[in-house]
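Below you'll find the structure I mean.
Chain nomenclature is as follows: A, B, C, D and E, assigned in order of appearance, with residue numbering initiated at 1 for each chain independently.
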């Protein structure tokens, strides 16, 4: 039987991979994609808890999270485009004008 | 009509506001306003000093207005024998320093504004009977002093200003932690000194608590008082500061540390005082001897005075450590005497360096020839510093030594030795700077000619001698207020 | 069933939205070549109207939208806080974007959206609302940070802020999901009920850690502060100002609601962690700030250290501590915003944010120099200015709760911070100016600067009413657990 | 009873003179000198009045009576003691009064001070006539006189200490009067410093005594009260106290090893030397010893220390004088030697003898110094005796009075010196033979070097190119007055005045005879050696290797120089180094540097790499969780 | 049977996620995410959360990821852009961070799962049930999301305006 634990661990794996992606990727686009993994992991959690707790709140939250993610991605991509335009790269480690 | 103590704060505020409104190029008017303001406050503090009834004792002319009620902070001012004297000292020092400030030629307006703010803060600190207000007022003087040293100071002014300010603020912050801890340990929810005092007589703070609050407060204010080894800000600070700042700081502001220890630390935590004071006494002696020895090696006139000032603080600490009536009276007396003496010494030094453009003793020499009046004033100040009788410092030091003798035999003996060392370097300064053949560059220097130019020196010297010959003038005031403290503290044991 | 809605509670937000809509319409109908900054002026005017309205609302309390939105004294206090912040931000925007033409209009709209977000954060009583309001604030800040498209630094700042911001919202969301899983709800009152009746478990602590990391991101607490210096430096100065005051305050209101509301019953267990974070943040910020040459970056690091100071109040965990935080934030508002206004006015002329260019400012413009002096001294925490009493109150709270070591660290930090503030003061007042050209400050701006100074000084001298306000905000807080 | 105001007038008139000059007459040469002379004369006259009152009455009893302290303390004393104490510092357990205690000893001393002082003041009017700083000089001189009077009259130890210090101060001012001359300025500093150093012990002694005087009426500094208290104090402690007090006396009276300042003090104007050496400063030590002799009386160890210090000083100073060529320095060493004798006398429990010699010595030593000053004045500040010749002829008054002084100093019958010195020698012979031998040796040497001085400078024919001529009357009259006193000093019953109740000791014929013979012997030897006016000092060859030792003053100055320049300065340098290195560099700068370094390192964490930021964020969260979960 | 589905979709999802992280070509990254989202939505349906499952598919895979693809294509990003770049030290650090996170998560979950052995409820997230709640209880967040989207519009308009006209820069608008 697939219980709560399986789902939660799966979401944990997804989240961890997301973290890995965020930290590892030098391409900001990939960073942004990895962020989506984080959100996906959260969404999975919400739905699972919704199922196992027996209320709908979790599913509704997922609905909103999707919208938030969409807005975030839109702005993020706009900035990425701008960055590519301006710096001709989307490598995160090129962004080191400011440090120390 | 009885003048209100708050007038002492109001006058400098009015002065500052007036100065803000005057265009910067009217320097003569600015100077006049600053001098008049300080003169009026000085007169007023003299009035309060004489109006204080030492037979009745206690705090008089008090005024208590709630300020931040939820925290028990109030604007509580009042005078007793100790701070009425300190106010007088401040009045004298600030007035003479304002007179001396004629040597400031650039950015005069800013200078006097900062000066008056410093004076204002110091007045507030001495007036207050509320721990918060004390701290508040005493910190107001910090930034003006920084700026005054930074803008109008000499050679290493940046370093000096920064070091002095950081040290003082650090000390104050440390003390603040202690004071707040004190506030909570009383359980009274008030910063009102009088209320706390009364409360603690019946319900003293637990000894263990006292034992760790006390050193924090003493160390914090000790920094202001140039407690060894936290004294190194003073030499460079005083040396590089403009004359009037050195005068005011060495003369008055520094005493705030001792004043705070006397006001907050000792009477409120007597048990801890008994525990910690032997250490303080030892440090005091280190202060005396160490700084005096360092002063021996210096070639710079102002450095010597600054180290001497640090060294003298040792006597204050020693007296504080004795906490008997004689010792504490000696402390207050010394605060006054040293204040006047330091003010005078720095004033003279400022005059001399303005003329000669050097402070190096090897380059000076024979100045008594060209500036007999100022030179004599310096000699007098130096002798006063060396504890020669006839000057107020002698009485103060004798009182401190007599007071500390019973508890701290060896410390006292070493402190007496310190007087000898003081004499050595002071005589050296006189010998090298003012005696001997006159350097050829200096033949055209002028002495203080006009009465106005002589005035500050005359006032300071006069007070130094007057108080030195007629101690009862201030001693009754002092004793009336130190006696209760001493009796209370010594009865605790 | 549609829940009963108490419109009174959300009326301020509705008015903000209304203003926003009016502005959008105005932006559309204004002819393209309009030089005049209509949106700015209307924004400025309406913000005062809103402040007036806000003043009438101080007695409004209650829950609405099924308990997901709350109006209590704390919310009221912070709403006013955000409104006042926006007054300054609008002035700054007017000054800063003088050359930006019509693009400036959208910026105002984003500012209004950010205000809406902040205002909702103050009222949020549900993690979902909190999350969405936070995203409203944050996403508009992403856009505003990168707003200077031609400026590489602005872009870089925007990108960094976006990445880390998104990461932090991911963490927040994950934390919320766990919390939801454990307590079966996202509503604050329900979770509070759970907390009050249950012991701590690793799971809920994990959720708390995740949520706190997002809050720490907002308030710029170490180790979630990494974005701060870069973003502060790169962002357009009004945005930096908003980040340093509004966004930080938004973070703190969440912190207050979390640790003194929802998780209040467990506060004792958290306090030492908060104390540790506080010590690290203030020390780190101050130490690194010593070496900065860019004034905005320096204020970024100083902002980290101020977060550390503020966390002292959180660590104290008493009404005193929270009141002190509120007071401190209020003082910080006036102080920091005035400082940033001076920075904008200065950089408009000099085109530089380098501290070395501030040399001799006092001889070029007395009012700028004086204002910046007061602001820096207040930031350093010396009397008679707002910053002093804030620090004093925080120290009191800390010591009251027995964190003497933290108070001692704080006092050391005051010295360190004083060092770099005084270095700037020295530049301004002592060093000779690079050019003798005076900097002109127009009369309205003078009035603003003087108002800022007056606010700093009066908060430093007449602390009573302000501190009362800060305390009242705490006393009437819903779910308060102090 | 004498009117207190007369005593107070005697007390304060020099001070008033000093203040008046300082405030108003610093530019007026005539007024300043007149005021100063008037001040000291007034003081002298008042002293005379008091003295007549004192000596007019006979002692009724020698017991002391005590009354408790009141606000104004008026003791009922036997008529020959007057006391008045005014409260000065008084609160709680501390009582420091300001008053006078006049007893025969004090009045005798006061007579000497003001009397000889008056002569010197008047003389100075002439001597300093050409000096531009004359008003200042008279101000200092008056201050000096005031301080000395203060020591004499002080009724308690703190008051005494105050004037003790003031004497040091005014000697500093006077010795360094020609402050532009480095040697003079140095000499002033040296005198003050040596005294200061000695006073360190003195003050310790005073405080120690005070702290143990808590018997009966509470702690006190009062001399007459202490007199009743001292017997109750533990003798061991009292010995320490006494020796500490003696420290001050060693400094002020220039006893070995603190005698080094005295010869250098000759850099001051000659009247100052006269004043310091004859009547005031150095005498103050001996006077003090006599005044508080009740402390020393029962302490055999302390007394023998004192006696030996005195004896050694007497002999050593006498040997030093032999090799000296400077007229004033010779006299200075002779003063030292005589002071040694006086101290020795006190050490041998003979305060009367010591004071007696002090008094007569004051007469003839003032005379000698003023005579020397007259010579120096005439020779335009030439002080080397080898450059002087036959002055007896060119300056008869000076010369003859100088001869009287010389003979008195040598102890030739029947001059005053003979009587007083004989008392001391007799005392020594009675108590301690080795000291007697030393004292006798000193006497021979005294006769020898004084003879040497006289024969070289005054004897023979005047030099051809010498323009020396007699000094003006204002300078010669004091000489004559003092010569008169030196002549008759032995016959006016000084011992009787000093200690009215005591039996006057009879002349010890054997000792007197021996000492007279020895003195004549010394004079004879010097006559033989110097009669013929050798160009160089024959002594240089005669003494061989000893001569350089004497010339270098037994290397005392070198030792002190080593101490000051090497040891003390070394300590100071070390301290400064400790401060610079440990406190400032390691301490203060260490802290700041650590903070700086920490800042620089932490700064590097801000790499600018956004991934690193993200990593920190994640790790931070994880750490936070671990911290939170730690509690569970 | 459901458990088989679960494992299948879980495996696909993890593979997709790993593709996001590991693939060099941005195109594959995006496609990897599409796969992951698709599996996620399948899992949702498995959990009877039909509505959000579909929305996820529609909004995420249908809109957001297409947007991503659009950007990737538009900016002409391909593997070559990245091949020259060295692999950074963050690869390992990131992995460690991820693993540590997972480990701590397990630590946190352990006690939770031991304490709560919950059975799935009968909740079925159909459009009707969800919609009913959405427009009543969740009215406020629903309205707020509209503002969120407004921000997104402002953001894109003011930031990306003119960004796609290659070559000449519209400086006047900056």
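The rule is short, and it goes like this: a contact is a pair of C-beta atoms (placed from the backbone, for glycine too) under 8 Å apart; a residue touches a chain by one contact, two chains touch by 3 or more.
Bear in mind the structure is a predicted one, so any value in this text is a computation, not a measurement.
J.: What are the chains that chain A and chain E both touch?
T.: Common contact partners of chain A and chain E, which must touch each of the two, are C, D.
J.: What is the shortest path, in steps, from chain A to chain D when you may only step between chains that touch?
T.: 1
J.: Counting contact pairs per chain pair, which pair wins?
T.: A-E
J.: Using each chain's Cα centroid, which is most distant from the centroid of chain D?
T.: E
J.: From the Cα centroids, identify the chain that ends up most central relative to all protein Cα atoms.
T.: B
J.: Give, as an integer number of Å, the spacing between the C-alpha centres of chain D and chain C.
T.: The separation of the two C-alpha centroids amounts to 77 Å.
J.: Report, in whole Å, the distance between the mean C-alpha point of chain A and the mean C-alpha point of chain B.
T.: Going by mean C-alpha positions, chain A sits 64 Å from chain B.
J.: Using mean CA coordinates as chain centres, what's the gap between chain A and chain C in Å?
T.: About 26 Å, centre to centre.
J.: Between chain C and chain E, what is the gap in Å from one C-alpha centre to the other?
T.: For chain C versus chain E, the centre distance works out to 30 Å.
J.: I need the residues of chain E touching at least two other chains; which ones are they?
T.: Counting only residues that touch two or more other chains, chain E contributes 88, 90, 93-94, 97, 101, 104-105, 107-109, 138, 141, 145, 148, 151-152, 155, 159.
J.: Which residues belonging to chain C are in contact with no fewer than two other chains?
T.: 128, 132, 135, 139, 142-143, 146, 149-150, 159-160, 163, 167, 171, 178, 201-202, 205-206, 229-230, 291
J.: So which bits of chain B are touching at least two other chains?
T.: Within chain B, no residue contacts more than one other chain.
J.: What are the touching chain pairs in this one?
T.: The set of touching chain pairs is A-C, A-D, A-E, B-C, B-D, C-D, C-E, D-E.
J.: Name, in rising order, each residue of chain B that touches chain D in their complex.
T.: For this pair, the touching residues of chain B are 163, 229, 232, 290, 293-294, 296-298, 325-326, 329, 366, 368-369, 383, 386, 388-390, 394-395, 398-399, 401-402, 405-406, 412-413, 416-417, 419-420, 423-424, 427-428, 430-431, 434-438, 471-472, 475-476, 479, 483.
J.: Touching residues of chain D toward chain E in the complex: what are they?
T.: Interface residues on the chain D side: 611-612, 615, 618-619, 622, 625-626, 629.
J.: How about chain C: which of its residues touch chain A in the complex?
T.: The contact residues of chain C facing chain A are 128, 131-132, 135, 139, 142-143, 146, 149-150, 152-153, 155-160, 162-163, 166-167, 169-171, 173-174, 176-178, 180-181, 184-186, 229-230, 233-234, 291, 297.
J.: Can you list the chain D residues touching chain C in their complex?
T.: So the residues of chain D touching chain C come out as 595-596, 598-600, 602-603, 605-606, 608, 610, 612-614, 616-625, 627-629, 631-632.
J.: Spell out the part of chain C that touches chain B in their complex, as residue ranges.
T.: Touch residues, chain C against chain B: 362, 373, 377, 382-384, 388-389, 392-393, 395-396, 399-400, 404, 407-408, 410-412, 414-415, 418-419, 422-423, 425-426, 429-430, 463-464, 467-468, 471.
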